[in-house]
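Read from first to last, the chains carry the letters A, B, C and D; within each, the first residue is number 1.
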């Protein structure tokens, strides 16, 4: 019941928004998001056995991997939809003032967003590889038009690349799924629980295709080409969702395929995870150096964090992956929303054109700086702890490499962010927009508080544990 | 009955060759439609085929998708692929190579179905041809067609393996493909409107190249 | 400490305070002798000091308290440093293990005050002098501490008095003698540098551009200048005492002989300085760092000999 | 326990100050009072039970008090509208520094360490519109992060190769201490930060690296303790020698007052490192050497010398940085070529700066001498009693320390001369006025404590350590002070004919002005010429030409060699690599597809090869 509710609420709401053409937009969006969150919470506390989809057993007391993703998605969507309404107004106003052409209509955006939520929910709830594939492909379809919100040439291009590359990738995943079913004994289902005794040879082939397919959707380098385009061109709230939720959903595919590995092949699979994790870190590091566009920088940071998550899976860090994903999602969402505000006020995504954010938009500047530090795992960011455990698991050699790459990424990101935040600002082009951008910091601030408090609590607990 | 098992994959192989060497959009669309119908028919030839799915398959892949593509072609007013990245004669040779690769792979797979190696070999050929067309053609519409071919190859592979998904999943896959092509069709039209051409090759504004680099 | 020794030390200290201006007189006499002149009186510096003391003080309007207190404070530090030395070859009652560092840092403080006072006037010439002073003294310091290290190894103690007494050019072994000759030579160079004698500086010069010490005190006159002259003389006495104690062997340290040796030695040092000033010209400023580095190298050479032949590595 | 209370007061006060928001007066009050009272509450704990950590806590607490007194005046007009942020991070910095000294286990230690770096980095960037603060902030952030990364590796894998682990611990803590090559953030961050923060960072924060090395080096788990300590000792000694000499040489040509002080901090950290290096070497030789007692003296003296120098450096350098802050406050510039003559305009600040500088040069009768003297003493013992390599090293240490001391005198003479003495070189300097009394109080406090510290040392050090030596020094100090007092009293006799004021004598030229003065750069030019092989001063010379030259100028610029020769090429390499790699994201869809297919093919081939 609850599960079907989780699925139907967003879809119904999407339909409703579409039919009502923008009337009651805010109410429907918020209530749908709220209901979704409440239902998720309900599932969590009730712990309905029927929705036990599949927990990865990494030797830790992880409740549900899929459920974790669902919870993150739900929470993120609620926060983003709270942000969205006022953002839409400000964006429209800014477009008006700058004389830009009109983008997608509001209700299309909202209904697509709700649809997007529905597909992501389906992904998180999927119980077998077939459904998972359908759901992941559906997320692509629901999110692609969102990228083209502003209907500019570049956003169209980003959407096209996103569509084509992700479909290609997801096609590979379909092939992988076929191969997986070939690997199984005749007549067995593809449910996550049932996939156990796959034929190793077939499984390898299946694994490679699934890894490439879902890895592409996750944005692992060198499959990441679409990611910076899509994430930078999408409007800020959509970027937040793409980076915060969608990547996690895709990661679910990777987690599940690894979990399906027959005995003796886990090492083989882990090798891929580690290798692509490191490559992702490497790519992210070198693409952030010399980056010219701050939203693209954030996108590469997402590549980095997906790399880290994959590394955590590869090094058997257990529940940590989920923790990392959760806090990455929150932090990244906050950063994307802030980036959206800065973009709103400055009207450009070019790093060199943005200086003195702290002076011109003090709150956004503060958020931008703090967010950068948190995403790079500076304490009290919870990511610090997850990265710490990752390094511990990885051993001194790989740990050293990971830390070095993280350091490079930090240096490059800090350089950009500090350069943007400090310095003297040019006078505001439209003071009204600046004012609006400052007002749009409520949700990011809330998220920042949330992250810092949970991080500080984690820190206090750790300190207390060792001080005694 | 067994003859059909031989003939259908052979038809697929032939279609691949034609797809790779044809420059006219209309031809391509027709060939894809043919492939879709074949895909719908094929499961019926074996035992345990599902009539419903077959019908939906034929309707969507054989009729709806080609129509959508045709409409997009009309709206975007593209007739032919003029300057492919890889020439047509080379493409033909490559398809032959793909075919060889397909047979090579199929021979090595532990297959136990009646349809066996031929279907799998054809599937691989179709799949690779699809990928090749996506990679080697400039027009956005051709790329969509290439993707469809790729998808057809995967489906053919599934049929060749005699594995069936659950009904919902099959339908889900079909629905996804349908929506995908629909959206891509819209995108093709938009690209045409915005850029006055639908060369995907010209979509190169988003990059991370250092300043002052000349694009290749 | 025996009372007798204490009295002897106080006597020597007082003698140093009284006789130090004589050194300048001796040097001038020697120079006059070499030039074939009869020269000014050996007591000339006393006359100068008395004359200056009677004048009024003139300070630059730019200057602050530093200029005013500098001469006397310098004098105080030099006197304090002198009190740590074995005068008349008696070990100073104030000495303690490790006092050598303090001694040279007292002198350093005196120099710091001179330099600051020079800068206090805002004059271009005095800045020039100060700039040169700090350069050479930094290099001289290195030579001095290398020398102290040598003495510490040589004598196994860190109290300046004992250290200097135990040292000395003996005839016991060739390498000990060699070490001490090298050390004495190096310290003599340091002496010349620290007291602004030829070849480092020409105290007689009248051209501001070539001055070091004299340039720094250009703005002083009257009683202040008297104190500075006196302080410079006392500092020369201090270095001469150090050199004498360093070079003389342990055998010359007893009773009245010791005191005679001491005063004689100081006078001989002055004569030596005079001879050098007569036969040498001031070096170019660019050459001077090389000279000081050379002194350090001499000491290090001595150290190597010392360590190699007198134990150390082999021990 | 008292320390925890202090920590709480400071931390809570900071948080409260942050909550004050725009009411900056209230924020200042809350922040300053909590910092002052917290630090004051912690001080008694120092004397109740002296532990090793106490020597690192004392600077933190005292400089905390000084910062609390100094900051309100300093901030007025320098960003007081954001004083809530300032006080929050200042208190957080002090609290985390205390926490660093308190925690025994590495996990909380590392967390506190990171927070300390982070909070102080925010303070470094407090002046949000300046380019220097931007650069410094970035560099400092990067240094903190790199240090943390190295330390994480060090702590996580205690059983790795001994040399690797030693490298990790030395580099990790060395980044904070400012060992040569790792020091590059120091000369950027100190000038950019507000003065009280520079004082706190230079005086109290960077020596904490030594605490880390002492506390967390694997003395108990290493296989061969002697070898371990010997290696650590040699490393510290070499780094110390290079740091001391390099730091002071690079301080010579600096034109920015606070940058000069920052390089001097590198020098002093070098001295302390030399001390601890000797200490470890002695301890390593302890068992091998026959003459155990002599070597143990060296260990004791170097250790005590190092510790004392840490405290002295904190008090004196703290005072100097506050003095530099006052200069900035008075004149709005730190460029020595625009200053001068401040002693007349702000005699108290000038005098304090002069005295502190003399102290930091190790000149008697001020505080700094005792620590340096003990290090010298240890080196002498090393010369006398050490075995071959140690003996030569000790000789080198002696020479280097002497040279360093000499150059330090030059450096500080330049600073005092160019900033406080002579005639003002700009209108800003001419218009300067003395700073507020509370700011002066902080400086008086620091200087007074540095004097008091001598007395405390002389009479509280246990007899068996080195009380005779220090006591002798203290007595001599007193004697000198009395002597000079008498002499200065005698000055009145000299002045009986009166003191006349006149213009500076300039070779007969009657109207000398500020343009004729020797500048700071000119003052140190002979020495920096001497060290030009190291410094590589970039000169831009316009020679005077023709008989009546219209224009002549000499512009000198010094860039840090380690930046230019090591870090800059490294970053350039990274950027170049990045540019190459950026070509992968060319925007060409076909290329992307090709890349994906190639990767896929690679994966397939690998998968087949694997079985």
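One rule holds in what follows: contacts are C-beta pairs under 8 Å (C-beta built on N, C-alpha and C of every residue); 3 or more make two chains touch, one makes a residue touch a chain.
Only a predicted model underlies this, so the values are computations on that prediction, with no experimental measurement involved.
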Out of curiosity, which chains are bumping into both chain C and chain D?
-> none
Hey, how far is the Cα centre of chain A from the one of chain C, in Å?
-> 77
Find the geometric centre of each of chain A and chain D from their Cα atoms only, then give the gap between the two centres in Å, rounded to an integer.
-> 43
Averaging C-alpha coordinates per chain, one finds the centres of chain A and chain B separated by a number of Å equal to 31
How far is the middle of chain B from the middle of chain C, if each middle is the mean of its Cα atoms, in Å?
-> 99
Can you list the chain A residues in contact with two or more other chains?
-> 160-161, 164, 168, 201, 228, 287, 290
Name the residues of chain B that each touch 2 or more other chains.
-> 131, 134, 200, 203, 205-206, 208, 210
Of all residues in chain C, which are in touch with two or more distinct other chains?
-> none
All pairs of touching chains, each written as two labels joined by a dash | A-B, A-D, B-D, C-D
Taking the complex as given, what residues does chain D use to touch chain B?
-> 579, 582-583, 585-590, 593-594, 597
Considering the complex alone, what residue numbers of chain C touch chain D?
-> 53-66, 68-69, 72-73, 75-77, 79-80, 94, 96-99, 101-102, 105-106, 108-109, 111-112, 115-116, 119-128, 130-132, 134-135, 137-142, 144-146, 148-149, 152-153, 156, 158, 208, 218-219, 222-224, 227, 285, 289, 296, 300, 303, 307, 312-313
In the complex with chain A, residue positions of chain D that touch it = 103-105, 107-108, 111-112, 114-115, 118, 125, 128-131, 133-134, 137-138, 141-142, 145-146, 149, 152-153, 156-157, 160, 164, 574-575, 577-579, 581-582, 584-585, 589, 592-593, 595-596, 599-600, 603-604, 607-608, 610-611
If you look only at chain B, which of its residues touch chain A in the complex?
-> 110, 127, 131, 134, 140, 143, 147, 150-151, 154, 157-158, 161, 163, 165-166, 168-169, 172-173, 175-176, 179-180, 183-184, 187, 190-191, 194-195, 200, 203, 205-206, 208, 210-211
Chain B contact footprint on chain A (complex, rising order) | 128, 130-131, 133-134, 137-138, 140-141, 144-145, 148, 151, 153-154, 156-161, 163-164, 167-168, 171, 174-175, 178, 181-182, 189-190, 199, 201-202, 228-229, 232-233, 287, 290-292, 296
